[in-house]
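Structure first, commentary second.
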Amino acid sequence: MIRIGRLQSFSDAVIAIIVTIMVIQFKVPSGTDIFALKDIIPTFLAYLLSFSVVLGIYWNNNHNLIHPEKPVTTDIMWANLHLLFWLSLVPFATTWIGLHYSNSFPTAFYALLMLLCAIAYNILESAIERHHGKNAKLAGSFANIIKRKVTQTLYLFAIGAAFISPWISDLLFVVVSVVWLIPDEKIKRSTFLLR
Amino acid sequence: MIRIGRLQSFSDAVIAIIVTIMVIQFKVPSGTDIFALKDIIPTFLAYLLSFSVVLGIYWNNNHNLIHPEKPVTTDIMWANLHLLFWLSLVPFATTWIGLHYSNSFPTAFYALLMLLCAIAYNILESAIERHHGKNAKLAGSFANIIKRKVTQTLYLFAIGAAFISPWISDLLFVVVSVVWLIPDEKIKRSTFLLR
Amino acid sequence: MIRIGRLQSFSDAVIAIIVTIMVIQFKVPSGTDIFALKDIIPTFLAYLLSFSVVLGIYWNNNHNLIHPEKPVTTDIMWANLHLLFWLSLVPFATTWIGLHYSNSFPTAFYALLMLLCAIAYNILESAIERHHGKNAKLAGSFANIIKRKVTQTLYLFAIGAAFISPWISDLLFVVVSVVWLIPDEKIKRSTFLLR
Amino acid sequence: MIRIGRLQSFSDAVIAIIVTIMVIQFKVPSGTDIFALKDIIPTFLAYLLSFSVVLGIYWNNNHNLIHPEKPVTTDIMWANLHLLFWLSLVPFATTWIGLHYSNSFPTAFYALLMLLCAIAYNILESAIERHHGKNAKLAGSFANIIKRKVTQTLYLFAIGAAFISPWISDLLFVVVSVVWLIPDEKIKRSTFLLR
């Protein structure tokens, strides 16, 4: 019997590798002045985006996966591997959008991959809830649900927007990063006021 | 004295690295439309296959390795390193079959490597059972034995089939993946009905 | 709720990957005599420097992060990811300075990145102290504060010095490494004598 | 205060990365028949050697590092980083010897690096013993001491032998691997008979 804690450590390791190996694909500039860095700025920004979105969402969402001692069932295991599979393609999509940031298709591809990661995360969470029950008192879970709905909607828009102008999609990617930077408590309070 | 738990964490880390670094070898397409992805489809499918087979079999089989507190003997340690050695060659075989999917030899080589990984897993398990005894009540172990026998037979066939047509081998690889997707409980029930 | 211990393990993994993947970028010399190694000496020295500074400072400073059971708040998490982001750029900066060690800009860039890492570390520590309180009795913390002030001042000087002569900066980098080699107890004693 | 257990996990991660990334440097053959593999045989054998020696020695020697709860002192930490530094160069030396296996210098360089790793391991162990005392009842430690003395002597010979014929050194490398394959109990018994 494998416990969720071990699958979690494994997933943490995969995430650590994913965000770190992206940097190997930075080409070291042949020039030696400040202008030599100009060529890698798009790649750098794409990396900054993927780094913060992958890690931000992954770590924030992990609030809900808090049963390290419970056993892993076959469907939890596959749901987790399914999430890791899409996440593992992030370095590829990041390098592609970094090199061709003004083109529609690499931008739409990046948005699609991010959407698939988000959906895979939901599938994993449902699988865990199905077996181990919902944790109703979970702090910040309400704000978390809002963040995730917003994220998925923005990625969906970003796929379409890439074919009008990739810059709209880029803007939406930045908005997603900012959404995850806001502490859950602030969202809770503001949605309370809206009601 | 090293405990099995530590060897297990080490092996998890090696597996995490193996499945993640395969993606570094994806060449970023120079084109920027949907057709640019056409060239990487075989590599992508080979990666999908290796990712699911390596992780699926590895995590499913780990049901049986449940003595984290017991000591690692010299033969358990070498049996584990022997398994990790063959697994570490998976990225190489995956890239090769991805680039030359219509050729017999890279396909047979991939099937052979997968068979060696499966055999290495059996050797490791025997070593653990020899020292720490069989765990008779293990849930799903009967289904697990069937899955592994089927897997090894299919890989053996796939080696030969590659020289008739690589597509037969590819089909067998997909069947192996599907076998591991089926929850153990279903296999238990159906084999019960057959008796 | 994520505990600091898990974020710490994650960060350890990222650091392990960062210091190890730098070596992939060593080009294997085409020659086979001792002179073949001549070309990789600057890259080797740059690697030695980054390896010892990143690991030395990271592990030494971790004295202060000793609440593995306390929860990770949103700002601790982002402060940690912010630190990992700058650290993840170290392999890139190391390869660049290794290839162009006699040029001002790659040297200044390296010094700047190291300064950013040091500042990011301070931000993380402040975030932890804000939530979990200061640990006043911390052994060696006084020596640690001195080491860090010296480190940051030297990196600041190294940025400017690179435009006069990169060799001055290189010397300052070596001094930083040496500072971290000195056990905390010795600094404590010597500063005691100075008072 | 950092405990030895954490430094051990960190070192395990570095070792896991080192043995796995060596495979990235395998060039995928352009041919598709069995002869296409001919060119990578030396690289493959060099990898097999490094994999088994690094992992075999590392895991076997770890018998002695059994105080996971004790604190890490400054000199233990640096002794550990010193060991990891030399180990991190193994992928580079492995690729070089794999490509130029019939040349003296890459072979001597490989032997020298292995000797440096072995010495670094001794330094680490002395540092731990100095602080936390010797563990006299350690199972297999006597056989372990013999294995290590033999290993270091063989590497020393291999450095010199490389300049007569690299094949002598290669033979010595194989002998080292075999030495570590022998269970400690057998060595104990045979040295007992010799007395």
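Letters A, B, C and D mark the chains in the order given here, with residues in each chain numbered from 1 onward.
FYI, a residue touches a chain if its C-beta (ideal position, glycine included) is under 8 Å from a C-beta of that chain, and two chains touch if they have at least 3 such contacts.
Everything numeric here is computed off the predicted structure, so don't read it as measured data.
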Checklist line | Common touching chains of chain B and chain A | finding: none
Next item on the list: Please report how far chain A has to rotate so that its Cα atoms sit on those of chain C, a copy of the same sequence, as a value between 0 and 180° in steps of 5.
Entry: 90
Item checked: Equivalent interface positions on chain C and chain D, same or different at half -> different
Check: Looking at CA centres, what chain is most distant from chain D?
Finding: A
Next item on the list: Report, in whole Å, the distance between the mean C-alpha point of chain B and the mean C-alpha point of chain D.
Entry: 27
Checklist line | Length of the line joining the C-alpha centres of chain A and chain D, rounded to whole Å | finding: 39
Next item on the list: Provide the list of chain C residues touching at least two other chains, using ranges where the numbers run on.
Entry: 9, 13, 17, 21, 24
Next item on the list: Treating touching as the only link between chains, describe the layout with one word: line, ring, star, complete or other.
Entry: ring
Note to self: Following the definition at the start, I'd like every touching pair of chains, please.
What the structure shows: A-B, A-C, B-D, C-D
Margin query: Quick check: in the complex, which residue numbers of chain B touch chain D?
Written below: 1-2, 6-7, 9-10, 13-14, 17-18, 21, 24-25, 72-75, 77-78, 81, 84-85, 88-89, 91-92, 95-96, 99-100, 103-106, 109
Margin query: Residue numbers of chain D touching chain B in their complex, please.
Written below: 8-9, 12-13, 15-17, 19-21, 23-24, 26, 28-29, 32-34, 36-37, 48, 51-52, 55-56, 59-60, 62-63, 66, 139, 181, 183-184
